[in-house]
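Chain nomenclature is as follows: A, B, C and D, assigned in order of appearance, with residue numbering initiated at 1 for each chain independently.
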């Protein structure tokens, strides 16, 4: 059969992490206290982190780490992989038969692009445009899935047959990022008109970035607050 | 119209490069001669390079650089991007309408995978299997392209419509690699039963790697010879 | 006063870490199970890790992380910094007055180098050689410390005065390393005549590496065992 | 003998390079023209580079490369090595006997630091302070060199004896940097009160960075102009 499942949910789970705000301050403070040990002093930590961020002393933010599990379409996964300082392992179309789970844009996803490279804006689009997109994508996905299954049934290798599979196919990956690089990721992949340098990410990867942003805010509140106060810089 | 063009050619062009065998020796020799200048002595250079490779002193191989232009299907491009120390710029499905050029396997591409993860072997497959693969892929590509064009004609943004496009779609990228990392690329992406650690790359990325391997051999003959003599290690 | 303190102890403390053997298997297994969740199965994990190491699938070893606190002489710290994938923060001779703690070789440290570059061996040296080294270093350290203190007392900035301070001065740093890169560190910085590629590190950095090696063995026993069984490769 | 040579000159030579302004535009333009080839159009290139810099599209600046030869004191070399994306080979105190060349600050180097961490300013210092610094450093250097030579004369290995050598000792290194990372280096290592984020580098590494800055300006005038116009950002 050629039935496909569709979804508009891109998910990010936090699998594990190392460190907290104090760990940032601990690493930074070695520059001024050397081999001495230090007591935890949350007020002093917060002030130090604020100074580090203001002057872009980025290296102390590399001693905290997060491990994420991300489920997203291939076209988003490819953009994620461009962030080269992180570590990745992904679902493999060579080693397994893929599942028929595909992406369709939700109603709130703007569909109509206006302007030219460097000056794009997006508009929501009509109800009709949303419906035709949904139907058109499902037709493409179904046709592709049918051919994928047909080739597999004839003994063709998965890695060959997957050439038919569309960029809207979902896959799962693990990503491990140092906090510094996680800040870089969210700086480049969240659109904030108030940021010092305004980014223009694709809507889908922004959904991934916003979930990461929430985890950063929760795990490293002082660092996150200082980062926002400094215009959400790419560290 | 929904006509698509198919090809089985993955191409690698050398756009620019920096350095030669002597540049490797020059960088390495600073450790023993310091601020002195040196005459070029090809015999001594070759001997030094051979020693560097044998003992895996990899850093001197980072002062030579190659810039490539690669045209390959998306599923291969994604594997290329996993090599994170290199620099990339790629054709963008956000910024332009893609061209309808798609990949089909050539007759010499083995189609049938035997065994389980970690122990795969491939067999060529029958004439019938080659034909059905070709036809099945073209059907999937044509259906996808038709939907892509349909959505574009209705004003849907390229970055949304491209979710329909299959992994077999071609795109073009620039890749700049230091020689050390180029050796790592070809070590991991060429299957050589004689290598110290045998790699099992997908057939398509191996076509890319073999073309790079030829450029390395031509531009850096002493380094390449030493690398092969040492079992094609991943540096 | 010009009194200096001497020591022959280089120390590595484990400050924090993320992950265990199962975390490696978890990241690797996504390639074959995709979005499914998995139960912990230590036997299967061990077998998978062994296969990953044998075929040098190095990326799953990047999802485990260790944060170390290292106290060592400047000449060793400089070698440590050459491992560029790790994160570092160090004691700063710009931001603080350094402490007068200096390195002298212990009795078991071989002092006499024989041969030429690429073919060195070391011999222990005589009792007399150990004594003169100790005395000579202490004279150099004391003279330098006296000048450092003199300049500071005259209002000269620490960052200028420290030009007088010898490479044997101790400082403290934090280093955060992914497991893959920690394996690379110990592969390159421990001399093991049985290793596939034999390294020739300086004796002092080897003391650092051996302490890291012990932490790896304790935290990631399956990974460490597989790494040793495969000839201690640089991943 | 124990005579030492002193200098206040830190030098940077350009050994080789790859690319020019057009190479940046060429890499960037693949995103919008794909597999098409392009004519060189310097006006369009300049405009594109200006846009790339404004929106911090940093990856196209990674396809140009410079190879430098730097001669500087150890304390500066150590700061240079903290820029981890670059490639380095350095003179080795293990593999060779070092030369007795040491750093002393020139008359224009401010010697007196005022304020506390995060808020330092420097003042030039008196004539007397400059003289005592010179004499004090030469005494420390001479004493260290005498002990180094003494240990070597007694058969002690270079790598042990060099523990006596001060941080003001000169050494030579090769550094290969992609243009993007060269911009990052000069952004962090040149003090410019007009920069968006003001850096506070040590005076000596700033001499290195200013020489690199001149090479960048000469080789990549459009990129350099755009970088300055955008507040000298760390890319």
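What we mean here is this: a residue touches a chain if its C-beta (ideal position, glycine included) is under 8 Å from a C-beta of that chain, and two chains touch if they have at least 3 such contacts.
Remember, predicted model here, so these are calculated numbers, not experimental data.
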| item | value |
| --- | --- |
| B-C or B-D, whichever has more C-beta pairs in contact | B-D |
| Averaged-CA centre spacing for the pair chain D and chain C, given as whole angstrom | 25 |
| Separation of chain B from chain C, taking each centre as the mean of its C-alpha atoms, in whole Å | 34 |
| Chain centre separation (chain B, chain D; CA means) in Å | 33 |
| Residues of chain C engaged with two or more neighbouring chains | 31-32, 59, 82, 88, 95, 117 |
| Contact graph of the chains (line, ring, star, complete, other) | complete |
| Residues of chain C touching chain A in the complex | 15-19, 23, 26-28, 30-35, 59-60, 62-63, 65, 67, 71, 87-92, 95-96, 98-99, 101, 170-174, 176, 178 |
| Chain B to chain A touching residues, read off their complex | 73-75, 77-78, 81-82, 84-85, 88, 93-95, 102-105, 109-113, 117, 122, 125, 129, 132-133, 136-137, 139-141, 143-144, 147-148, 150-151, 154-168, 202 |
| Chain A residues within the chain D interface of the complex | 31-32, 51, 55-56, 59, 82, 117-118, 196-198, 200, 234 |
